[in-house]
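Common to both upcoming complexes is chain A, partnered first by chain B, then by chain C.
The block that comes next holds the complex of A and B.
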């Protein structure tokens, strides 16, 4: 039997493992986390008593079900937690576990690497107390901590109201929920969103709860700055009517939607193309998740679709893998999963249109704003480099000249904003700026991990 | 044939092509530099950035010393900073045999006027306390330096442009032909360009041009596996090299350690890719932790390589063509072209503008490949 490896133990990886197990395979499931569940369904650190039912709200049932299913699955698979895949070379994964490097050969590889927040910088965004929205939620789910006692939520995402609701539930004051997308733009996107009415209703429910709790909710804002001396003291905005508004707070959560973590797909040889709705380069896949010979991609790591789409796309990619192994196809399951994945991903595409990535605001950022916090590169330094004779007009070249995206996070944080700064200089859509190429290691690796020479 | 005319056309916008364009245009010649992608993109832009004088091939010292003077004067000549740091170069020997080799290098360097300091184990730890225990001897050359390769070539090309050179990026040359006592070039897109003299500085892609005029060299592409760590306080001033070739590293003032490892790795000039095998990264990580044990918990954040052109005797081809008057070659720098780049450009400009150069370049003639190639020890050591 072929060695099948799944990377990522969120809903997509678990969904895939279930299908493979049902067909008699024993896949290896590699998880960077300490416990299965991924980010969305993350479980609290062992020994921490946290009322996850209360925290997950409407998602509590799904949360509990996924973890029950994983427990049932665990003895039928080879589950390797706290294991990072830091490089891929041919048919071999390079792993990091317990501070030691190792390798794992595979015949078929299914990557379900999940997503991370997409960050739009603003003046003051590197002050202590500024978090991504996902980071703010993880602090709750993993550690039972709040990022502050009076928190401002800024960005362009339906999850702003959701996370604010979780924070309110856990005892925080909410300073403001401020969305950069104007309200009419969201209403215009409604027809597309009506395809998944239950999720839409849930989203409206979060907004309604915020209104009932008296939290100011602003649409169409222009972020001005996060203010503070040594840490966050206030969020300064211009509202839709152009008035400057200051909200005192001790923490800010920035949520501009998610971006797939595509570095491993890149190292595994997937081709990429530009998606104008998400304004990101995404790996190319067929309808079931095939991205190349023996390579399958699923979940938010390849297309943002949310937890349900991730789970279904994991199962679907597993069906593709089984078909490629010559197993008979369960065409009814494939049809059902395909429909589900398409519908849910189309909904997220609608959301991406409704809650637009604020490309114009990013292109207009002042020169003094920090763009790459790993390497301390400002927006102005990138612009100055591009404006020189023979200056770089492509993101990899900009990175070579300015070090923007060259640091510890390898452009995972500044990449999307860099893309817009370069795109606004070269013209055309975001594709003209090029795509930051991935290089190993996907995450930093200590020298000691290599061991000592014989 | 209609089209533009120039005194000198240069094919290949690497460091050598850019410096050649700089010196020729400064002397008033009309120069067009043709680069298939962007200037300084390949070995000129991705190399380790060493401006090492210790331990070079003996026939190269006159050229190397001329080049170093130009690097030392870079900011004045070029008008931009390329992160030039004259922080010296430390060569380490780990056994008696290596120590003998080290001493021979030191004497050679001294015969060309370099100041070399010698160290035994006790002095070594006193001067560089971060060094591990294994080195038994070392030599230090204070004039050796480093620079940022990503910045250097574009800066030189901009300076050449200010002197009037025409820099054409994203311009592939599709054909080169003899035309009278000069050359006719056809560029992708159908444009033509006539020139009196032609410089072939096309790196890993140079052989096509040489072979067009009946000359060849056993050139092949490869790349050094390199990595960079996260930054930490600036402690390691010199560029450090183990004489066994296992490791070369340097810390830049902003704190990152940059490392080049061996053996060199395969590169593909057609797909334009030089992937770094993770196994070589791990081997280089072990080698670095051996030399500087305090770095054991420092993290590697990125690996890279690039496409360099190598020759089996590990010395480049520099000088006039043997078959076509007016054609000058400069390629196959075998991973040590960055330091001599400005000198090569200066010598080529002298050969083209004056008919000769004061710097001896005989060892680098392409004519040496008319008979069987000599394989260097370095070659055997640096490849797998």
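The block that comes next holds the complex of A and C.
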């Protein structure tokens, strides 16, 4: 008999596994990481003198509880850490563990693949010392390191102030917190956010704490460049009044909200449609997370909702899976989880509107800016290719012509910016630019390892 | 050789077995549990130079997604520095090394 497989051991995957175990199943839980918890609730290796309670702040209780629950769960599931799922063909997963390839058949598949930062390129963003905002937090949570001693936070996200607060708490100087969204635009989005007032208050608390500490916090900035010879030396911006401002720093954290890691859902056959609030193509799911026959999607890997929504949506998708197996439905639990997931995801949708992806700034980037970090393709090369292209323009065509998005990250980093540059040429919203299709292997796999699976 | 300037700054001590690895012929001291990337950036090493144009790179996403922190081991395989733990005696380089005896 084949099995029920969960991919991803973050809050969504753990939430799903708990529900399945409670109904007598023994799911296989596959995770690329060495330790469960996903990115947000990442637990450092033993021996690191890091006060996670202090670092996690208001989330400390949930962080500790999730790891306690996972420990209790571990004996009741088949947990496979450090295992990459690099392809899905029919009812078979292709795995890589310790450099060795293998396959695994499944009956039902629940993908909880998590999210990564969405970033907008700017001149100098490939310099050593520029990291994603999530990366800056992981350096701290996973390794006990700061990405620099004087750090600038740039992007558009409430997490800029949160991460800056964590960095300041751990002894970093904060050069600036610079958000590309104008302040009035954020205020205008507040009615949507008030649906979850406690989270809102926490968000404002982060900003207040930053202001109290005298950290410059700018709204409505236009990024000009990260400056430096062989590493970061300064961040150059134009403020909301158009004045150029230079902030000396030795590191920059970039974050424009999160984007779901949807490559595996793509390979598993999920349909995608364009979401105008997030300006991303996202897998289509029903109210419980069903994405196709025997395919379930949960957590930030399908809809950005944060850790609580991820956990609830994992449990909800597991209830869907159980119902599809013919088990009696716990309708009270389903109703409660559905409400929770809808409310939290609506809040994140409000945040995505309030902290806007700076599409106009991206469309206006100078030709010289590096767009694809992997294949070294500039914005100008993409524009030149679009000038030469015959027939309808869309991202996959531009990718084939320029190699932008074809490198080893598979467009995870440059994809959203590429989409805006193509969309600004073809007119219309991001939907008009088309969707970068996922390809196996979803992450680079040595040919020798892939060969052992054949 | 110019004095190495660390990118990462350690703010939480790590207790564990001391580990020595080599990167580009330079000895890097780390502690068991450190990622290769943290060990290198804490010691002022850069991760790699881009195949095109030779610009320095030092990782970006730190969560195994961007693939911008590959280094090469003496055995010829590549290692994603942000998600690989240090091992004692690791011999790493910024670029793939030709097998011994090759006149490449």
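The rule we apply is simple: the second predicted complex is superposed on the first by the 443 of 454 C-alpha atoms of A that agree within 3 Å, B and C clash if a C-alpha of one lies under 4 Å from a C-alpha of the other, contacts with A are read in each partner's own complex, and residues count from 1 in each chain.
The rule we apply is simple: a contact is a pair of C-beta atoms (placed from the backbone, for glycine too) under 8 Å apart; a residue touches a chain by one contact, two chains touch by 3 or more.
Note that the structure is a prediction, hence the values are computed from the model and not measured.
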item	value
First (chain B), second (chain C), both or neither touched by A:148	second
Touched partner set for A:317, first chain B, second chain C, both or neither	neither
Contacts of A:439 with chain B and chain C, given as first, second, both or neither	first
Partner chain in contact with A:231 - chain B first, chain C second, else both or neither	second
Touching partner for A:5 - first (chain B), second (chain C), both, neither	neither
First (chain B), second (chain C), both or neither touched by A:373	second
Partner chain(s) touched by A:408 [first = chain B, second = chain C, both, neither]	both
When both partners are placed on the shared chain, which of chain B and chain C touches more of chain A	C
Contacts of A:171 with chain B and chain C, given as first, second, both or neither	second
First (chain B), second (chain C), both or neither touched by A:423	neither
Doubly contacted chain A residues - partners chain C and chain B	407-408, 444, 446
Touching residues on chain C, where the partner in the complex is chain A	5, 7-16, 31-35, 38, 41-42, 46-47, 50-53, 55-68, 70, 77-78, 82-83, 85
Contact set on chain A toward chain B in their complex	86-87, 89, 94, 101, 388-390, 392, 397, 400-401, 406-408, 410, 439-441, 444-453
Touching residues on chain B, where the partner in the complex is chain A	38-39, 41, 45, 150-151, 154, 157-158, 161, 167, 169, 229-230, 275-279, 281-283, 285-290, 295-304
Chain A residues within the chain C interface of the complex	32-34, 39, 44-50, 99, 116-117, 126-132, 134-136, 138-140, 142-149, 170-172, 230-231, 250-251, 261, 373-376, 407-409, 412-413, 443-444, 446
